[in-house]
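Take this structure first; my questions come after.
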C-alpha cells in the first residue's frame, strides 16, 4: 500500500508544487491533487519531473463535474471532466473520486436515477483514459438528517450503486471514518475484492459515541479509537495495493506549521502501519 | 394504433384461448396475455393459429420476474423470464411491461439502485429476443403514501429511470389514468417520441377531485372525465402506432357477463377513438 | 422530412454563415455544418439568430474524434468531442455522423472490437447532450478492396454493430447511394423503424453497372438512376421525419457558381420529392 | 492458486461424481464440470456434499450457449444458460469460460460485432449470478488459417474485446499453451491485473518450433518446454489466487488408467509449482 496525503489536515501548505515536495520529504508516496492544474502550470513533462523528483505519484483526482445539481450544471462540467481525465492519465493517475452525501433535498429515488445516469457518463469518460471512479459513502449520523430525505450511506448500498452504474471502472473510495461510523467490521473489509476499492482514506475518530462522531471532527491516524491496525491488516489481507491517503476534516484549522502537521501525520502513519505489521 | 384488451374489466372471461376468441369477435386487435402459457397448452404453431384465426396479436406480456423483493427472489425468476421472452418472441409479441409502485417500505435510493441493476438485466434478456420493456408510472395519490417512503410516480422520473437503466429497449407503459392523476397535459404527450412508448393503457376516471381518484376506481373509456380524445389524438400526432389496451381496475367485479362487458368496452373504444378522429 | 444540404456538391460556397444564408434562400431546411465553429465565431445567441433568420436548422455535425487510428489519437480527440457535443446541443442539433470505410489495413475483427469500445464512449458523450450517433455504411464496390481486408458495408452489418455498441442513441446514417450500391430494396427501408435512422443522405448514381458506381462519382438527385421517389416514399411510410441532406461527392469540382448549384440541387429535390408525392 | 483439473488428459474417468472423488484423492482443489448436471442428478444439497466430501470446488463451467452460429441458435440456448448460471452459483462457482477460434468462415468484422452483442447478453446473465465470463484466446498457428478468414488470437486483442463487450465481469481464460504459441513473455503476464484473469489452463508444449505446436499436441505440465515455473511465478506475483486447471488436448487418448493419468498430472503440478516456489 502507498502512503498518501490529501491537503485536509496539513494546514496552509501552499501550492501543489510545494505540497508534492513536502510529501516526498516526509516519506509519503502519493498526493491527492488536481492533475490538470499541475500540467497547466508546468507542462506535462514538467509535472512528471516534479512528481518524480519527490518520488511521489498522484493518488486520486477529485471528480470535477457537479452531479448533484441540475442537468445543465452537469453538462456544463463534462468538457472539463474530459480534460481532467486526460491530464490525470498523462501523469499516470488512475483514480478519480467523489463523495455521496447521505441525505438530500431531492426526492431520493428520482435523484438516484438521475445520478446513476450521470455517473455512468462520467465513468465512461474516465474509463476511456484508464481511470477508475471511486464512490465514497459517508457515514456520520448527523449528516443522515442534514437534508430533508435519507439517501445512501452504507458500503453495501454503495456497491449496489456501482452495480447499477454498470461500468467496470466504478468502485469504492473506502474511508475508515465512514466505515467506523457505519459500525463496519473487519470481516466487511475482508469480504471485498481488492479491485472493488479505488482509493482509501485514513484518519481517526475521537472517543465519543459513534452516533456523535462528526464528519468534521476527525483526528490524525493513531490518535483516536478506530481500529486502524485491523483495517489496514484487512486491506492487506485481501491484496489491496493502492493508496491510503490521509484526510483530516476538522472544524478549525489544525494548530502548527505544515511541517509540524506533516511530521504528526508521518508519525501517525508509522504507528498504525507498524501496528498492522506493514 | 391497435385496440387492445387486458383481462381487467372483462369479468371472468375464462381461458386465454376464450379471451383471444372473444377479443376478435368484438373487434379488438390485441390481448395482453401470458405467451408462455399459451404455447405450453397449444404449441407454438397452435398458439399462432389461435391468434391468427381471431386476427389478434399479443399486445404485451407481464414482466414475470419479481424485482421488488430480495435478490434471491429476483434471481430465482430469471430462468423463467428467459423462457417467457422466448415464448413472446415466438408469437411476435415485442412488449413486456411492469408497474412501479409510487411508494416503498425500502430505503428509496438504495432500492432504486438495486432495481436499476435488476431492470438492466431483465432488459438485456428481453432485448436479446427483440422485446421492449415498458415501465408504468403509477399516479393515484393514495398510493404515494401507501408504503413508508415515496418512490417515483411521474412520467419524467420514469424516463429518467429508463435512461439510468441504459438499455435501448426500455421505455414507458403510458397509462392514461396515471397521466391524469399526475395532472399531465397533452403537451406532455406531444413531447414524447413514439419509440419512448412501449405500450398504452386506456381507461377513465370518475368525476372526483384528482387527488381522490383511486387506483382501483377506474371506469370504462368514455364513461369518465379524462380527455381521452385529446390523449389519443396526441399519441397519434407523434406517430405512436402500437397497442392501446384497456385496463379497468375496480374494487368489485364489474356487473354483467363477459360478453356484455366486451360490448361495453367496444362501445367505449368506438366513442373515444371517434372523438379523436381516428 | 426536412430538406438539407451538405457542402458536397455546392462548390466553393464560402463561410458557414454564407452557407446558412444561401440554404435558406433556396428553400432548404437544414445544413450539415460544424456547430462549434459557428458558436466560436458568433456566440451561442448569434449563431441561433443566424439560423433562425434563414429558417434553417443544423441537420448533423460530423464526428470530430478520430476513431480509426491509434488509441492515443482517439483519446486526444475526446475533449474536443465533448465541446462539439455541447455546441451542437446549444444550437438544437441532435445528430452526429461518421462513415465506415468498407475495408481496412487493420486486422478486421480486432479493429471492430476497438472501434466498438470507442464508439460506445463517443455515443455516451453525445447522448449526454441528447445527440444521436449515425453510422454510415459505405457501399461502392471499389472501396471494399481499397484497403487490405474487408470490414463491413451493409445496412444489416451496421445495425448489428449499433447493437454491439449497445447505446440507445446509435443508429444509421442512411445514404441512398450506399443503399443502391448494396442493391438494397424498398422493403429493406420499410423494415426499418424510424428511430433507427439518425440522418439521411441523398444523391444519385450514373447509369453504369452497380459494381462500377464510384464513391466520388455521384450525381444530383433526380439526374441518375436511383429510385429516389421509391426510397423517399419508403422513408415517409415508416414515419421518418428527420433531415434528408444532399451529399454529392465528385472527382472534380462541379461546374457553375454556388447559386447555380443550389438551384440545380433545389430542382433535384423538388423533382424527387414530387415524384414521391411529398 | 488452486490446482484444478478438466477432463482433458485424464482418459475415460467416468461420471462427474467419480471425477470429483478422484480429483480430491489426488490432491486437486478444483474440477471443471457441468454444475447443472451435477445438481440435476444429486440435488443442490447433494451436489454440495459431494464437493465438500472431496474438498473440491468447481473451477469453471463451460459457456453453454452457442455464440458462433446463427442468431436463432444463440437465442435457443439462452434459457439453458440462465439455468446453468443459477446452478453454478448455487454451488459457489464463479467462472464460466469459452474459447475463441482464431479464424472463421464468417466475415470477421461482422462476426465480431454480432459476437460482441451476444457476449454482452451472456455476461449480463452470468453477472446477475455473480459469475464471470472468461474468454480464451487460442494461439496455435495452424488454427489461424483453419477457416477462411483470420479472427483474433492474441491476449491484447482479447482484452480489447472484453472492453468492447463492456461488462465488468468479462476477462481472460489464460491458457499457457496459447500464451506460449503467441510468444508471450513473463512481462505480458506481469502487466495483467489479477481481476482480468477469470481462469487459467495449464499444460505443456513439445520441443518443436512454436509455429508447429498443434492445438491437440499438448503435454502434461512439466513434460515440455513451456516456462511454467516462470508463468506461475508471474501469476503469483500479480496476486492471482484463482484456479489453474490442467487441460491436455491430444490427438489420441492418453495411455494409462485414469488413476495413472491423475498421478502423472499430480506429479506435473508438483514439479512446476515447486519450481515456481509455490
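Here are a few things to note about the model shown:
By written order: A, B, C and D. Residues from 1 in each chain.
To be clear about the criterion, a contact is a pair of C-beta atoms (placed from the backbone, for glycine too) under 8 Å apart; a residue touches a chain by one contact, two chains touch by 3 or more.
Quick caveat: nothing in here was measured; it's all calculated off a predicted structure.
Listing every chain that touches subunit B and subunit D alike gives A, C.
Averaging C-alpha coordinates per chain places the centre of subunit A 44 Å away from that of subunit C.
Distance from the subunit A centre to the subunit D centre is 37 Å, each centre being the mean of its Cα atoms.
For subunit C, residues touching at least two other chains, in rising order: 120, 166. If each chain is drawn as a node and touching chains are joined, the picture has every node linked to every other.
For subunit B in complex with subunit C, the residues that touch the partner chain are 166-168, 193-195, 239, 241.
Residues 104, 107-114, 116-117, 120, 149-152, 157, 160-161, 163-164, 166 of subunit B are the ones that touch subunit A when the two sit in their complex.
Those residues of subunit D whose C-beta lies close enough to touch subunit B in the complex are 75-76, 78-79, 81-83, 86, 89, 120-121, 124-125, 127-129.
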